[in-house]
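Both complexes shown next keep chain A, but they swap its partner, so chain B is in the first and chain C is in the second.
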Partner chain A sequence: MSGAAREFIVARFGDERHVVDAVRAVRERGLRVFDVYAPYPVHGLDEAMALRRSRLPWATLAGGCSGFVAAIAFQYYAAVVSWNLNVGGKPDNSMLAFIPIAFEITVLGAGLATAAAFLARSGLRPAIRARTVDLSATDDAFVVALRCRQTAFDRNLVERLLFEHGAQTVAWKVLDL
Partner chain B sequence: MIAPMPQTAQPPRAITLPPPRWVGAAAVALASIAIASGLTFDAARTWSDLLVDGFLVLAAALGGLLFVAIHHLSGASWSAGVRRVAEAMTGALPVAALMMLGLFFGRRSLYPWAAGALSAVRESGPASSWYFATPFVFARMALFLIVWTVLAASIVRSSGRQDLSADPIHRRRMVRDSALFAVVFAWTFSLAAADWLLSLDPRWTSTIFAVYVFAGVFVEGVAAITLAVVLLHERGYLADVVTPHHMHDLGKLLFAFTTFWAYIWLSQYLLIWYGNLPDEAGYYQVRTSPAWIGLFAVNLIVNWAIPFLVLLPRESKRRRSVLKRVAIVLLFGRWLDVYLLVAPQTAKAPSFGVLEIALAVAYGGIAWYAVSTTLARRPLVARHDPCLADCLRHAQ
Partner chain C sequence: MSSTAIPSLRPVPASRPSARPVAGDAGDAALREITDDVMRPLVTRPGAGWWACFAASTIALTIGVAMVAYEIATGIGVWGLNRTVGWAFDITNFVFWIGIGHAGTLISAILLLLRQRWRTAISRSAEAMTIFAVMCAALFPLIHMGRPWLAFWVMPYPNSRGPLWVNFRSPLLWDVFAINTYLTISLVFWYLGMIPDFATMRDRTDAPVRRFAYSVLSLGWNGSARTWSRYETATTLLAGLATPLVISVHSIVSMDFATSVLPGWHTTLFPPYFVAGAVFSGFGMVMTLLIIVRAVMHLERYITAAHLEAMGKIMLLTGSIVGFAYATELFNAWYSHNVYERYAFLNRLAGPYAWCFWIMVGCNALAPQVLWLRRARRSVPLLFVLSILVNVGMWFERFVIIVTSLHRSYLPSSWTMYRPTIVEVGTLAGSFGLFFTCFLLFIRVLPMIAMWEIKAGAGRAAERRA
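On to the complex of A and B.
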């Protein structure tokens, strides 16, 4: 999809603690981890990979605020400007009655914005080709992928490092990730 | 990765932890003086303050007990390190029981059903005469308080025994008692909320009232636990047990339950405002009248708007200094919320003066003394808790 196939070192692990240790050790040697694939969220992995905090909450906040403003604005327009009805003798601008709908639309807007931002940022859309680092990553294994740069790599050192930290297999693959 | 087991890391440090005895004595003395002078000059106001403050002490104790019960029932591990703090809060239950039962002597100035006014409202209201016969009401109150105190004592006793032996029976007993408490509490607290607070106006009912009061009780419990944990941390306790991850969880609970409280607040207010039925609307008519509307608005700001906006960013839920301030604001908010349940029924206009401050400080001091002495009696971190290892390496 993204075009150029590149060479990767793909290490498979059976235990989440080994993955965290291995990632930390690899990074301590000054090498960069391309990505880690895990069957479930692993505590401590984000810190070990030194990932910066996700910016997804900002999408949530923006979606929620837009939803709130839109809901209040529409209800105000409908009830006060466009088509005012006398409901139980209440004033047209009964803001309190708008709150449940504003609340629901806030939640809806926040949720949809979060999902949409996540899908867009991850490049998940219909008809994309699955790019799998290792088939075991779709099952129960933890897989660490390193970009293999000829100039900066001592192959034996990296391999030994990964095995030392509990890798079950280490493979060299040309992949389009 | 795995922190050392705290058997050795957290000695009881009982030498510095219990508060000096004079604090308890001073609080009791202040309470006696305030009550005596208050009853001399303005009995009605004093009794309604005593109801507010007594209920808040009870709410803190019940909030702690609820926290422990939920911890055991959900099999939570993150809260194992602060379980002792929550358990210690139940140490205020016996004094809270005395405070609430002492209202017997002020029943005539607080409750219309005790003042003999019930026959006049019986036709129009839900309060029936046999249910609100004074002996039955106070027998109920005493029964509920005894049941809560016994269950709390049983949980705390099992927890103490677990310190001495790793036998899983202790944990099973705590889970059993927690389950029992959860069921008993749901029923008894609903009735107690009606007896102590709703019956101040026997003509008015709200089916969500008990939930509303419960939401406040749980907020108060979590706020008090959070404040206690931060204060202990500042003094060097729990240093290797409570991390920003644990604070984050407490912050999330505060954030969630202040919003839950606001949700229930709105659910009650919106429906009564919308229906505008004469039976129901009077309650809010009083509270939105010029005398009370200021406090009515401040209540929402303090109990929801401030904690919601402050705790919304992730970082502020993890920072002890922020959580400390929010917890203190919320404890003031709890007082105001209960004050607004009580005072508009017993007074024409809000009165906030030396009497209110003295009584709140005195009751708060008594509760604080009871909780701290309970806390100092056992190791600060429960030993042999199977969840403790998970708790120590807990991460978000």
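On to the complex of A and C.
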């Protein structure tokens, strides 16, 4: 999504319902919405933009499974293979007693994997220049951005469509998103 | 850029007489106003109230630092421990602080999964409280080791002693993993929750240093709907993970006691009993903190009487569970026909530490019963007093469990008394100092109310009205 500067139509809305309507209308005309920027997750926008269900749960599952296997394997190795220590006559392989730590490491692995996958997939990393379309999108406005070079793109039609659906301003911007 | 579409800007009185704890209680504050209100404490100079609290906290912290320095320089002989009572004040404080943290996770994770919208106003500060409380808790095992610079010995790492590994069968080691996992996941959850707010502050700040800090912390967040969609999935997943985690943490803490053979400790009741107690004490502390903070930082509009009432209900529930657990313990001791078990509880009820036991019963099981009355739940001064009582009572609960069981166990010739020294009391004061200093700094440098969650609540309230 990054790269050279490109042309966008940027429409600003003051109400979340208008945004959802506008996105739906734009998409019904066969146009693609580049992205919508909002100060909070807007209900119904996922459906309106036809966003795919996130696959993050798979990262959680993978992290959790790796954590569990690693914890059980390491405890077995340490207690049975590497140095078996007789503690109160308990068996070397006290598998039941290994479960609590395995559980904790499962949660740890799953949690860290979820967070890491989320940040990586969303391109969030420290000291990055924010690809901001409109500063008020993190404050009180809802911003719809459309790529200008699309088939069936008619600037007047799009502007009218956006205003009809409650846009406060519609601007033509060259952005490096 | 005041928009016409944003819900009306009705003036809101300081304490709204709203009846239900519905959400987005700030439903009539416009979005930009929410940003301004939440950011105000971060950009204005603190008032006298904040400075007074901060001075008191840093004094307590200084006392604590001095006591810990003395203890480390001299050895743990400066504590009142003896051969019979080898665990007392420090472990009491450890369990106490870990318990405090649990309400934060309950509010941020479990209430999120249960879609309790009133949590949004208090979730951020409750999560911060969790982190600071876990830090305070971790301090006590660390200094109890006597040589804290060797604390890394509790981790299994390849060493030149064999390698001799740690004992994975010991609940004390489970504790190490549980606490560290809990701290890590809580930090991740807290930080992820703040990223959108950091972006808001980045886009609203002109001061270069702050702007740079918020830019780094916000990781380039721009409010993209695609990111928001993933973000909701990620936070739900983390909440789902934190829920069993928080239950496991205090269950494992209780196993430090329950897996031993000591009368009064050796019981299967401990894990649920400890978890309920932890949530109870945590809500007590959240209540104490928020009642102070909303007054000092003038956030009565966001942290409303309805929020306090909801927390009061949870305190009533968990306090009653704890009271029921006390009764169950007593019943089981009698029903077991075990002389040692019976004596342990008789000693709690009427022995030399009976006053601690009765403080515990009075503060934890009896006092919260007043919350059955709606008027009591809506009285801020009463809730404040109750929250302090809960904190005191829950500290004494841990003291009673630990010390009364240890000081008179199987062998009467070993029976003895335990009395804390000034060093132990000073260290406890220092942990409160650390906790409150961290919290006071937190409300000055980080957004203590989750702006984006409040905005979402306000937006959806407007949608429902429409």
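Quick notes
Note that the second predicted complex is superposed on the first by the 173 of 177 C-alpha atoms of A that agree within 3 Å, B and C clash if a C-alpha of one lies under 4 Å from a C-alpha of the other, contacts with A are read in each partner's own complex, and residues count from 1 in each chain.
Operating definition for what follows: a residue touches a chain if its C-beta (ideal position, glycine included) is under 8 Å from a C-beta of that chain, and two chains touch if they have at least 3 such contacts.
Remember, predicted model here, so these are calculated numbers, not experimental data.
When the two structures are aligned on the shared chain, A:Arg121 is found in touch with chain C, with no touch to chain B.
In the overlay built on the shared chain, the residue A:His43 is in contact with chain B and with chain C. When the two complexes are overlaid on their common chain A, residue A:Gly30 makes contact with neither chain B nor chain C. Of the two partner chains placed by the overlay, chain B and chain C both lie in contact with A:Pro57.
Touch criterion met: A:Pro100 reaches chain B and chain C at once.
Between chain B and chain C, the partner in contact with more residues of chain A is C. Of the two partner chains placed by the overlay, chain B and chain C both lie in contact with A:Arg17.
Residues 17, 43, 57, 90, 97, 100 of chain A lie in contact with chain B in one complex and with chain C in the other.
Remark: chain C residues 1, 3-6, 30-32, 35, 156, 162-171, 173-174, 177-178, 181, 184-185, 188-189, 192, 195-196, 199-200, 202-204, 215-234, 237-238, 241-242, 244-245, 248, 252, 255, 451-453, 455-456, 459-460, 462-463, 466 touch chain A in the complex. Contacts from chain B toward chain A in the complex involve residues 1, 266, 269-270, 273-274, 276, 314, 393, 395-396.
Residues 17, 20, 43-44, 53, 57, 88, 90, 96-97, 99-100 of chain A are the ones that touch chain B when the two sit in their complex. Every residue of chain A that touches chain C in the complex is listed here, in rising order: 13-18, 35-43, 45-46, 49, 51, 54, 56-57, 60, 74-75, 78-79, 82-83, 85, 87, 90, 94, 97-98, 100-101, 103-105, 107-108, 110-112, 114-115, 117-119, 121-133, 135-141, 143, 166, 168.
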